[in-house]
Amino acid sequence: MTGRRGTGPATGGTAPGVRGRLSRALSPATAFSGRHQSLTTVVTFAVIGIILPVIVLFPPFSGFGTQNDWVGGFADAGIFVLLAIGLNVVVGWAGLLDLGYAAFFAIGSYTYAYGASPFTGVHIPFWAMLPVGAFVAAAFGILLGAPTLRLRGDYLAIVTLGFGEIVPAVFLNASTLTNGTNGIVGLDQPSLGRLFGVGDFGFTNPWPYFATILAIIAVAFMLLSRLENSRLGRAWVAIREDELAAASMGINTVTTKLLAFAIGASTAGLAGVYSAAKLSIVSPDQFNFTVSFTVLAMVVLGGMGNIWGVAAGAFLVFELQSQGLKQLNTFIGSLGLPSFQLGPITVDLATINFLNYQYLLYGLALVLMMLLRPEGLFPSRRRRRELHESPDEAERGNVELSEAEAVEP
Amino acid sequence: MTPATAPLGRARLSAGRWNLALGTIAALVAAYVIMDLGAGGEGQAQFINALTIGAIYALIALGYTMVYGIIELINFAHGDVFMVGSFVSWWLLTTIGFSGAITDPLLLGVILAVGFVFSMGVMGVVGMIIERFAYRPLRNAPRLAPLITAIGVSFILQNVIQVGVSNSIVTTPQIIPNTTLNIGPVSIRAINLFIIVLAVVLMAALQLFIGRTRLGRAMRSTAIDRDAAQLMGVDINTTIALTFFIGSGLAGAAGVVQGLYFGVTVFTLGFYAGLFAFTAAVLGGIGNTTGAALGGFVIGFIQVIAAVYGYGVWSEVVVFTALVLVLVFRPTGILGQQLGERA
Amino acid sequence: MKYARMGAALAAIAMVATACSSSSSPSSAASAAASAAASGGGGGAVVNVKIGIELPMSGGEAPNGVPTANGVALALDQIKVPGFNVTINQQDDAVNGVHNPQQGAKNIQTLANDPTVLFVVGPFNSNVAQAEIPVGNAAGLMQCSPANTYPGLTKTWGGVDPKTLRPTNPDKIAYVRVATTDDLQGAAGADIAYNIAKAKTAYVADDTQTYGKGLADVFATDFAKLGGTVVKRDSIPGSTTDFTSYVTTLKSLNPGYVYYGGVTTSGIGLFRLQMAQQGLQTIPFGGGDGISDGSAATKSSFLQIAGTAGDQNTYSTVAATHDIPNASAFADAYKAKFSTAPGAYSAAGYACAQVFLQALQAVGSGVTDLKTLREDVRAYVADPSHSYDTQLGKFSFDANGDTTQHIISYYGFDATTQDWKFLQQRDFTAKPLF
Amino acid sequence: MSGEQRPGLVLDARGVTKRFGGLVAVRAVDFTIPSGSIVSLIGPNGAGKTTFFNVIAGVYEPSNGEILFNGETVIARPRRTWAEPIYWFVIPTILLILAVAALLAGIGIIGHLLFLATLLAIIPALIVALTRPRWYVRMIGRAGIFRSSRPNEMVSLGIGRTFQNIRLFGNMSVLENVMVGMHSRMHANLLDAALRLGRHRREEEAAVRDARKWIKYVGMAGYENEAARNLPYGYQRRLEIARALASEPKLMLLDEPTAGMNPVETREMTELIARVRKDLGITILLIEHDMGVVMGVSDRVTVLDHGEKIAEGSPDEVRANPRVIEAYLGRGAASA
């Protein structure tokens, strides 16, 4: 990310050519956004909030659905954007691989279900439940993290994966407390109490939801990007790069990692509360490992570490999944391509349902992305450095090895 | 880089070996007693069930642990390699044209041998291909990168089977006759005995291979220090490919066993099997082949005990709780070596 | 969740119907279509309206959704309502190949946003329905599910009032279903176990899913009410393929009957297979329509997976009348149009479409305002006094939106045909179990 | 060397022993560093220098002995007491096992009571974990199972260090590297940063100013925005020192700061080290192989061999010590 607190855009001195000229040309704007980051965030989201609903009125988007459909879809995409930027804190910044992220999403959702449904008979307003859900998810993040964050990265991955399986399993099997597989239904709708003329959000009008998720994301963005450029954000990156060196620079690695975990979890908690309120039911099978892996794919494809890239990645992947592949079916079907022989198999593109190949496409995207463009579509500057290895990196690896040996008696 | 990953090969437990043996026996006795209490007279049968699925987990876990030992990568696709292996054996047996038990012992032996060799070979090659294209280019990249390609490969394998073969359960011919053998006081079905013996033989062969052969030494030395091994003339690429071949081959064998024992396979099989097998590898101490086998049996017993007492739905929770507890108190697993201070 | 995973059941129905009805009555659906087409000529301007379809259409769940949607399409082909041109707005609630409540809610919203959509056929899965009912209720858009059987969607169940699913207009029904609920099917299962298989003790298991668990719970309750004893109640996660330890447990309990609530994809066939492996194939085994999914020759069906050795003691139920009118004509027409045999829910989809078309015919003449029309259709279908003559027989919807057709068909395994054989059907309205 | 600490000692290590399994890497070493001095630790390869160094830096815990920093015990062999949080979990776990056992055995009432007791026993731990997470982690850290916070605590106390093989944050800029060094001197917490309170902004601005100052001090002005991994080797060494200086240490541990340098770079580095002591009054502990450097800057030299201290004194005394000659110079005469 460029522009940390008035130091101006750090072009790194090595960006020649077009990129350099471009960044020089844009430098007043970049400098402004560097200084007034939060204002920029708010303005950006306001612009997004206006542009997105407008752009879908025009072809080709208008052909795929009405404006209301699109806006409803954007509101759903917002859930994944929120999840992705939360996971980005854990994976992209602190470098901890969390494969059970959906667990915190589930915890946020069930928190809302307990706080605002006929199931418990408690009816706390949605707005109050947002911070509560975030807090509860964060608390579980700490409870899980405290014993396990000492573990090495890969072990952490498997423990989080396990946690991601345990949480839905508990919601499924502790049926007296959670209504089991049927889930908890009839959750309260958010309400503004006649403010702006909006009472209950209801089920038919997507606009209040769209505005709400946009606001939640904007706030999350503001807070998270402030963290990125703070003492804490630097500590996360330092831990990701070299944990021992980070500890030797005075960083309490456990606390810092725990904070990353808790903040990531709380963002998922927010998403969970919002999603539960929008859907008005929670059931255990909404939170299986597909959710965790999808969000991880979004983070990786978007560009680990770059909060804007991750958000864009999540948005694109979600829209591709919910609109793109379906349209691809229609599109290819409309081309009227002839079928052809591929060895013993007859391939008829028109009959292929691309929705069936979502996993294949995900998988290929993940592999190719790692092989060809490991930093993702919209990489952060730092990640680009890290993932495109210079020749002396290999040397560095050797150096580390011998250091490790030296540490051994 | 970790200073001291437990190397492949026999657990370096000179003093602890007796403890290990005694501990294992004590644990087995305890497990038997617990099962017998809950199983209402079928304790022995349940014990054999646990040993059998433990053996399957152990076979899969070996692949995880070998790959981890040598390149420190959680090969997330390994569970799906196992799944594909079960489909390969399904394809072979249905293509040859068997649908039921084969009673002629000679023919059965031949078919089994062909089936295992074929599946193990095919899956070994698949494993090598995966390594060559998805992991090798990333060998010096940050650790997250190959982990993510592994997840990607897992998606690809699942989807290929789902779309290309079947999106539902397929039935595999069970060619081993359903007979019960009585050996002294023990009554055991032929298939269970076959699986347990097969797993033990394969594991023993693996130990011998790693411990006694030149290639095994190459693997061990690569696991301990890749650069030093290279300097000593070990061909790293070949050695790592070989590791993948063996690990994936074992998963292929487990795939055949899956078909023979349960009679079905399905494209989603790999995820949970892989999850449990990897947990087994970590429980036992990853990088340690004996530990992986031990972990596999531990998980088998946990699952069966949970089922016996009517808590089958909680077995997943119990397994992962056990994993967290073991890692908290012994961060390197049951048989893992103590790592250096920093990891 | 499931209404009738009964592709084969339908095929069987078709065969039986061919055998005994001897095609004396021509297809009433076809004739209705013909007469409608004939009389519909003079109505003036034709109003373009749509019927929404909201089913899982991709991935592993395509076999559920596609044939059902085809049933709807077939109905639209065959039956014309004068003055209206009915087309389809198709939505898919599968994400990554798995049904997804979030997507379902979004789809129903999309359908509600399309002013020409007057009626929706779907959803398929109960938890998708739970997410959709509030939306459809708020939008005043009538939904007809061909497949939901979870009782809690329409009546108080497990202490939950279905009105919580309708927060916007609690007293307005915007969801009906043509499937009989699981409480009757569970009761039918208990009936089979106690009265047909003459078992006094039973082992009951489920696959932890809504459908399976509901069914198994009802079975356990009703079996006890009939005087039997449930020796053990197990839940087995659907992802498992290892049932050996459960079967071994079963062996030590030696019950007179085994009832397993769930669907084939959860591995129930495997349970039966492993029972046979451990020599327990003589214990009668029963399940719901989740296992009535075809003969032993059908790929991935319960009977194929279970293997056929000694399975004469296997029973299943289907929550529908066995004597479907004109089954053969329906099967033929379906085959002619889609060149495959009808799927498990094709007839149910067809029936849902018929409900809509008959309602449209009743309220539609002269109304051109689509908003009014949508509400009129909803109100007509929600009114318990109206009845419908459909592919599933004649029925109406009660005040909750449930079908009044409470007929469960009983099937048993027939070793000679290697298929399910119709045993009897029981009308629970006329002849309740208790 | 027991008894009250003498005035003027920054560091006082008493009987430090470190074992790795059966291997004793450091054996009962007493070691002191007077305030404001430059002390060198030398010894042949494998003598336990780096191990000892890592014990002081908090990376390893000593198997025995204690280390006093500014007269306060900061590192000692951890002892477990029953008050430690880990035991809060032991009791509930035992209760839970008993409860499950009782339930399985069919003694429902006892099982339920035990289960209740489990909840009661775990609640204090949960409350602490939820309300005071930092404190909870610190307490757990003391229990000896989750020790990780040692090195950073040493930094907070005033010990900065460099590494034998450079461990910079390669993908961060030079400026960021130095700012990470200031971590323990900065106080902005999560809320300050998230809400960007004035305190945080002022602190960040001051941090940038200070970081630039340190970069200039080690002679790297103009490289602020360069990625650390792209720096030339000598600069990487300097940056490590700048990063360590940024934590405002009282004692700086330099692990072979001139390793791999050419004579010019070595001379510059030696000058820098001397300057750090002179300008900033920072005490320095040096591990070094280059005897020229050691003899040139050190006030005192300590020699380790096979984990034991074999000599201590001024450079000249050590040079003349026969045991040292035998153990070290005798074999490595070329470097003497």
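Labels for the chains are A, B, C and D, by order of writing; each one numbers its residues from 1.
FYI, a contact is a pair of C-beta atoms (placed from the backbone, for glycine too) under 8 Å apart; a residue touches a chain by one contact, two chains touch by 3 or more.
It should be emphasised that the depicted structure is a prediction, and the values quoted were computed from it without experimental measurement.
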item: Given subunit B and subunit D, the chains that contact each of them; value: A
item: Most centrally placed chain - per-chain CA mean versus overall CA mean; value: A
item: Between B-C and A-D, the pair joined by more C-beta contacts; value: A-D
item: Approximate Å spacing (C-alpha centroids) for the pair subunit C, subunit D; value: 68
item: Distance between chain centroids, defined by C-alpha means - subunit A, subunit D (Å); value: 36
item: Distance from subunit C to subunit B - Cα centre to Cα centre, in angstrom; value: 41
item: Chain centre separation (subunit A, subunit B; CA means) in Å; value: 33
item: In subunit A, residues with contacts to at least two other chains; value: 147, 150, 169, 172-173, 244, 356, 358-359, 386, 393, 400, 407-408
item: Junction residues of subunit D - those touching two or more other chains; value: 54, 59
item: Numbers and ranges of subunit B residues touching at least 2 other chains; value: 162, 313, 316, 328, 341-342
item: Residue ranges of subunit A in contact with subunit D within the complex; value: 5-7, 10-14, 38, 139, 142-143, 146-147, 150, 223, 226-227, 230-235, 237-238, 241-242, 244-255, 258-259, 262-263, 382-383, 385-386, 390, 392-393, 396, 399-400, 402-403, 406-409
item: Subunit A partner contacts - residues on subunit C that touch it in the complex; value: 57-59, 62, 92, 94-98, 100-103, 105-106, 109-110, 112-114, 126-127, 130-131, 134-135, 137-139, 150, 152, 158, 160-161, 164-165, 167-168, 208-210, 213, 235, 237
item: Residue numbers on subunit A that touch subunit C, as the complex places them; value: 65-66, 68-69, 72-73, 76, 117-119, 169, 172-173, 179-183, 185-186, 188-189, 202-204, 206, 275, 278-281, 283, 285-286, 290, 294, 321-322, 326, 353, 355-356, 358-359
item: Residue ranges of subunit B touching subunit A (in the complex, touch as defined); value: 1-4, 68, 72, 74, 133-134, 137-138, 140-149, 151-160, 162-163, 225, 227, 271, 275, 278-279, 282, 286, 313-314, 316-317, 319-321, 323-324, 327-328, 331, 340-343
item: Complex interface listing, subunit B residues touching subunit C; value: 39-42, 45-46, 49-50, 52-53, 162, 166-171, 178, 189, 258, 262-266, 268-269, 272, 303-304, 307-308, 310, 312-313, 315-316
